[in-house]
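Dumping the structure here so I can ask a few things about it.
Letters A, B and C mark the chains as written, and numbering starts fresh at 1 in each.
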Amino acid sequence: MNQLFSARDVSVRFGGVHAVDNLSLDIVEGSITGLIGPNGSGKTTFFNAITGLCKLAGGRIAIDGQEIGGLQPREIYGFGVTRTFQRSRLCLSLSVFDNIVIGRQNALDLGLIGNLLRRRRFNEAVRENHERVHALLMAFSEPLARRIFDPLHSLSMIDRRRIEVCRALIAEPRLLLLDEPSAGMTPDETREFMDDILNVRKNNPRMSIVIIEHEMDLMQRVAERCVVLNYGRMVADGTFETVVADPWVQEAYLGTS
Amino acid sequence: MSLLRVGSSVAIIALAVIWTVIVLAAESQWQVLAALVVAAVAIFAFSRMRAGRDLAFTLNDSGPSIIAIIPLAVLVVAFAIHQDHFQLMMLASVLIYGIACVGLTVQFGYAGVINFAGAAFFGIGGYTAAVLGSTGVPSLLTLLAGGLTAAMIGCIIILPVLRTKGHYAALITIAFGLLFRSFLEVNHTLGGPQGLKVEGASIAGRSLLNGIQLGTLEPSFYFNYVLLALAAFTLFFLLARNLEKSWIGLNLDAVREDTIGASVFGINVAAWRIFAFVAGNFLIGVAGALFAMMQNFIAPSNFTFSDSLLMLSIIVLGGIGNLWAVLPAAILVVVLPEKLQGIGEYRIFVFAILVVLVLRFRPAGLFPRSMRQFRREVGQ
Amino acid sequence: MAILFEYFFNGAVLGIMYALVAVGFTLFFGVLDVIKFSHGDVLTLGAFSGLVAFLALQLTGLDLPVIGLVIVLVAACIVTGLVGAAIGQFFVIPMRNSSAFNILLMTLMIGTAIREAIRLFYPTGANPKAFPALLPNSPVEIGGVFLRLDSLILLALGFAIVFLTHWLIRHTKLGLAIRAVAQDGDTAQVMGIPFKQTVLATFALGSMLAGIAGVMHGIYYSEINFGVGLLLGIIGFSAAVLGGLGSIWGAIIGGFAFAALQTIWVVLFPDASGYRDVFAFAAIIVAMTIFPTGIIAERYSERV
């Protein structure tokens, strides 16, 4: 297995608070890693650090051995990193199609001539992208696929979560960061949703996923490896079973000793 | 079914054309007031009826050829009033302000870049036309130069506009607009407060001041300006509409709605904001140059902060981001004060209150923007 | 040397007026995270209300020196306080969940409506109006420099108001409520602080500061013009931004910084005084480019 991602001694500070504190983490291609820890343990901040949304106070982050720490978010996207957000960040006034196709930024022709004047070719590009978006939506939910040109604000919260994952998936990322994708879903919906994501992954088996989740059943089922954070530090790393058995984790996360 | 939809849309547009002719040609203020009431009732009714939705659908989801409806409708109006200098000049002004507001729509409606200095960029275009007028540069090139100068001078404030957000960027454009006007007032090489004379436009060696002969008709020379403004408006409208229905339009929307989400998905937020700002200022500059040529005269008092607010009023009243709303709203803001002498003096006061009320109770404007769909492109 | 001191002194009077406006912006932004751009025109309204009160006093023959000033100030405060609270109640609070631009444009348009209303409905409102000399303007000698007594009093008055505002925010129940709402409106509401009343009180308070600044402006220049609010509003807002939006002392420092810049321009280029406004606007643009979030950085966090 090739190593895809590597973080070395990554620190993020807000004022005097060490939100992420000397965190090191390696991820191999095609793996699923669960990131768990209590609220405020630095999970989302770690995602923000990876995607360039917050400044590193120290440490290095690399994809394929190439340093991405300190780059702009849009440059990091170019390395094949996409994500979802805990509080969904979609464009409410745009259609489902528009929201998802944004994820294919690098594949879209953004030239002035191509967009303003060569409309026939542009329309072909629309058709091609429509096929892709539609196929991806079908993998999640057929009724949702039928609503491809509905405004996003008319969708339920759960459908919006699906759209957000679709936007991240359509870029065919190498590293997909899912920040509590199932928040607000019932356990059944969560299971179905995760199965759909794993199904889509079959087309892209080298993609690695890091997932933040509070749903322990889900973690047990999908995560090949679990990493536990507390106060921005890694306190455990291993399979779900070993991690859960760790007394540190019991105390820090599950609140029992 | 689709034919029925198009039919009702054509009927609405025909009514709008008749309405415009009546307002432009109205002799008494009561006629204008009555027309206003009719329009208010009609807009209210159509926005609740199927016909209104059909019209929005026809305009937004048809191919580019639908744009032909603009020159068609404007020409009908122009022929109906072909002998009256003043009415034709108003029509040309509506089209010219329309060009500027297409520019503002690209900036603010699409990319969310605030520009409270519209009148300043309009003025830059006008002063460029004044300076170039005596040098014998062809008029069409002068228009281009007006746009380019406005776009270039706008680049001075790109850095502060990009570095700051929301309110702050607004403050910078306000400061720039006021700076421009104060500068003109004290700078004597550009005529100071008295302003400058501007050479009229001429195309292919023929001055637009010479009227043209159309069969048996001998229209006023302002007819020529209507034609020129109409050609420019239609061209820019077509380009802006294609822009909206393109990946660029999609990126601009994403930048406006959520810069963080956009940047994480590889969108170059700064580059698109610069693009929208520069492109918008270009259109506003072209409009200003054309306006100056038509008026033959410009002075700093044409380009005040209130004029910037009036331009913004057009896009807010019409419906932010809706290109089709630009012309109707421009008629409202440009023509009414001229026709209702009673409110001439009060026009800024009246429009300020009107804009406040629209923002408070109908923030999407009289004709809200329709969501972009690619149904037609994918054959649905 | 004496001339320089005179410039310094005049700059200080200008600075305290800018500071009063800037403090208002800071208060509004603190409680509601909005910029109320009508603020500058509320200032003009304050000055004109004071003028009307004075004219009314004159008619009744009660224009005694000290009482005159007090009544003019009170009239300005009542009108601006009411108008400020009304703008908050009817326009800003109902709109606080819409986009920042909509609020901005709306308050700008409200300001425009006020400005135009003064121009149109005040008798010959388009022309500058003489403002009564409510304070003795005899020269006073301090260390060989002659200063106008009224300017000295204005400066002292301005500082007194600033300290009073600071005391109000720090040591009264209302101030506590304002600070709580500024920290976190929702939490404050849960803790039993009446959100709406607090916001309205803040709007009234900030607008009164503008009203006082308007009267000071009128006395200092001996005239008042319907359009002064636009410029003062923009300078006041820039000063508040420079001071980091949210800190009263920052706003005051910002106000003095702008006055200092303008004064320095006049000292350095006395012949180019026509370009004074051009310079002021250019200074705003440059300052915002260099300090986009203020000299004292605004507490800024984007939740992701």
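We adopt the following convention: a contact is a pair of C-beta atoms (placed from the backbone, for glycine too) under 8 Å apart; a residue touches a chain by one contact, two chains touch by 3 or more.
On a predicted model such as this, the values are computed, not experimentally measured, just so you know.
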item	value
Chain at maximum distance from subunit A, centres defined as averaged CA atoms	C
Chain whose averaged C-alpha position falls nearest the assembly-wide average	B
Computed distance of Cα centres, subunit B from subunit A, in Å	42
Inter-chain centre distance, subunit B versus subunit C - centres from mean C-alpha coordinates, in Å	35
Chain centre separation (subunit A, subunit C; CA means) in Å	48
Sequence positions of subunit B contacting 2 or more other chains	260
In subunit A, residues with contacts to at least two other chains	53, 85, 89
For subunit C, residues contacting two or more additional chains	304
Residues of subunit A touching subunit B in the complex	51-53, 72-74, 77-78, 82-83, 85, 89-95, 97-98, 101-103, 105-106, 108-110, 112, 115-117, 119, 122-123, 125-127, 130, 149, 151, 167, 171
Residues of subunit B touching subunit A in the complex	64, 239, 242-243, 246-251, 253-254, 257-258, 260-269, 371-375, 377-380
Subunit B partner contacts - residues on subunit C that touch it in the complex	35, 91, 94-95, 98, 100-102, 104-106, 108-110, 112-113, 116-117, 120, 230-231, 234, 237-238, 241, 274-275, 277-278, 281-282, 284-286, 288-289, 292, 302, 304
Subunit C-touching residues of subunit B, taken from the complex the two chains share	108, 112, 114, 116, 157, 159-160, 163-168, 170-172, 174-176, 178-179, 182-183, 186, 260, 305-306, 309, 312, 316, 345-346, 348-349, 352-353, 355-356, 359-360, 363
